[in-house]
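Multiple structures follow.
Two complexes follow with chain A in common, the first pairing it with chain B and the second with chain C.
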Partner chain A sequence: MIGSGWRVFGLLLINDIRLECRRPHLLATGLLFGALMMFITAIAVDGAGDLSDSMTAGLLWLNIFFTTAIGFLRQDRRDEEYGAATGIRFIPQDLSVIYYARWCSTLIFILCAVTVLTGMFFLLFNRAGPVRPLWFAASLGLGTLGLSGMGTFVSLLTAGSTLRDVLLPMLLFPVSLPLFLGVDRLTASALSGAPVPWSWAGVLIGYLLMVSVLPWLLYETLMEV
Partner chain B sequence: MSATRSDNLLSLHNVDKEYHFRPVLHRISVGVERGRAYWLQAPNGSGKTTLLKVMAGLVKPTRGGVHWCGRPITRRDRAHFGVVLQAPWVYGDLTGMENLMLYAGLHGMSLSKRRETAREWLRKVELLHVADRRVREYSKGMMQRLSLARAMLHQPQILLLDEPFEGLDTGGIQLMAQLLDGARATGTSLVMTGHGATQTAFVDVRWTLRNGQLLELVA
Partner chain C sequence: MNWVSKGCVCLVGLLGLIDLYLALIWSPPEAQMGDLVRIMYFHVASAWIALISFCVAFGAAVGYLLTRRQRCDMVLVAAIEIGLVYTALTLVTGALWAKPVWNAWWTWDPRLTTTLILWFLFIGCVLLRASMEDGRRRAVVTAVYTVVAFLDVPLIHLSVRLWRSIHPDLVNDTGFHMPGSMAFTLMFGFVVFFLVYVLLLYLRVRLEWTRRTLARMRGQAGVRETLVGEAYRTAPSTPMDGRR
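Take a look at the complex of A and B:
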């Protein structure tokens, strides 16, 4: 992605942000669904008083996961409505540039949603703030980075499928499993102040490297199939 | 209908296309020469759109090859194509101007050139008065004209148009025919499809699809 690739990246990123500002598909739908789910979960567990830190962290990430998946589905519909997705894929460029632009824009929107959901989490689950706030913020940031990257990849791959609504969450969950295990452990340790599980931090970094590089190598080939 | 002539911009060699083992195109070998207009008339479901998609590289043939200027076609060659299919390939929440500026940018134009080109094409397709209206609010005919502007703004060498006159009123048909004839006069090749006989006078070659095979019609 050199030269004109950067220009196309910038154009697509600005276009995504403009479209989301005009009609907030990802943010509004995702947030509404996420807030509702967070509320129901909080009622179901009657606050998080008796739950372990690992379980509370898991509940937070469960909400973030479904919020993200719903947002992706809405975003895909917008792109397919008048066939714009095909038009964009027809550019005489390496297709991975579309992936990186979409990843970047999605990351911005999901980070906004995650910030709101995390605020709700502490409020509804009646929890004290994390013992290590910086580490907590880092785990949320890195987790969102990985989830938005993998979500973008799966979402673009399933975009042409009639079973997309089912395929996206079904595919996204298994391929995100290592990420979930990593961020759950890191978030739990940040909440409780337990020693940092460096092995899981390594898994998370490895996963992020894979999400960053693999689409560049594979996306073009996979889209041609 | 030679696929091997040296002046062919685009050529298909023994192209077969099957969907779920159902043959749609069968051993099609054809060449598209520079500056010529082709009209493919065939009923619904005969494979017209599939043929255009194969030509554009949007669909891979099951067998056979597609060549651009005598060599296998690559992604980079898409810069030479303008494509109008059933969907207009635009964003409903962007205005006509923003959509054209986006595509102009994707084709490598600078910001000032993008604005100038988009305005020029909106004027040509008589949509300048609705340039700042969201495309979602456009009528089918307006959308069709915007789609043509989107396909032509980067001055492609070949235009592939799937039922370009469908949904247009008489004025719209005349405008579109005039623009296409103008493009052909400057050396752009045109491949158009429709259900019936062409409504345009500038067509050089007429084809039809029968049982997946492309046949040339003699006037």
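Take a look at the complex of A and C:
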């Protein structure tokens, strides 16, 4: 049964990646919207390279947050267009497998978008690279992991809502606040080379644990209705 | 509204007047803040009730997910709506108190930030619920979001506390840091606010119950009308038609 679960997970993941390769909606919309957001933010701060590290990290995560929120809307619409949203409920497995597969595929797409956007961010904001590049990459990876997990869950919550476009970021941001603050501080420390704020790393790990466990308990209930 | 409800409203109204007397006239002014401290009796009580309401909503959400009883869903919607009002009251009274004391309407203090996030969570729940048409899905989705939000709040508070804090600790593990008369007024106010909360919760649940009963009756009447209409259409209009 466990082996079968992994098989379903793999099939769903490959299916998502294949569909995205065929019509790269999520990547294209994410990248374009992200680029536009970066551009507007850079104009708003006059392309200043002298911003403090915490402000730079905040601006970077603000852009990533909104880009991600747009991506979730796009991915769910694809399921609705192909009619897969109904069919996927009939898999002979614990339905939370769908969540983990979707989380993983969304993470891959968003990480691709985030990598490009981060490069663009350094370019547009005339910033030198981070003092601790590995730590910076880790904070980006962990932040995107948490954000894509919670976003996948919240996007299912808002699936039947008529105010979905507005509600998704509105519901996502309050529950992602610990993650947002945590990655912001970690990114700022990686940019400046300041000592690693381990308390924030703890908050981030706690959040990731919550995002990993809660949907396992609740996702099936949501898929039933 | 029945006589019991009217009696409860009158009793709570009377207690509210006593609370106003205690808070605005009887209790002494504070040494540094003077009469400004009187906002505290409304601000603190609202904040506590908002948190209680969030706990009630969480209990109702878990109850609904486990039992699927309509009653739990009705308590959930009532607790969320009333919690939203109390949280808004906390934020407004907090801002009114903060301006003369901290010289700012708003500071990024953990409790303020957590309360604002709580308000966003409440309003998110209300909007999510209002924007869904399917009754069963609406109930399940609201319950699930409430559970996630409730479990997230301690993490939110911890993270915001790590971020920064300047809020005074008037009441903590070691007790009340204020004179007895002020502590009495604060607790009396809290009891009154709690009674108002229970009354509002009861009335809101009754309203929801009435609304659903009415919808069910309308549905049944609609079905009956359809069946009668169908019977008229299919039945022979005259005995002659029948014979033919």
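In this section, the second predicted complex is superposed on the first by the 217 of 225 C-alpha atoms of A that agree within 3 Å, B and C clash if a C-alpha of one lies under 4 Å from a C-alpha of the other, contacts with A are read in each partner's own complex, and residues count from 1 in each chain.
Definition applied: contacts are C-beta pairs under 8 Å (C-beta built on N, C-alpha and C of every residue); 3 or more make two chains touch, one makes a residue touch a chain.
Just so it is clear, the model here is predicted, and its values are computed rather than measured.
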Partner chain in contact with A:F109 - chain B first, chain C second, else both or neither: neither
Partner chain(s) touched by A:P174 [first = chain B, second = chain C, both, neither]: second
Contacts of A:T162 with chain B and chain C, given as first, second, both or neither: second
Which of chain B and chain C A:L214 touches, first, second, both or neither: second
First (chain B), second (chain C), both or neither touched by A:V203: second
Common interface residues of chain A - those touching chain B in one complex and chain C in the other: 224
For the chain C and chain A complex, residues of the former touching the latter: 65, 117, 120-121, 124, 127-128, 131-134, 136-138, 140-141, 144-145, 147-149, 151-152, 155-156, 158-160, 162-163
Chain C-facing residues of chain A, complex: 153, 157-158, 160-164, 167, 170-171, 173-175, 177-178, 181-182, 199-200, 203, 206-207, 210, 214, 218, 221-222, 224-225
Residue ranges of chain B touching chain A (in the complex, touch as defined): 56, 58, 60, 75-79, 81, 83, 85-94, 98, 102-103, 105-108, 135, 143, 150
For the chain A and chain B complex, residues of the former touching the latter: 4, 7-8, 11, 15, 18-19, 22-23, 78-79, 81-84, 86-88, 90-95, 220, 224
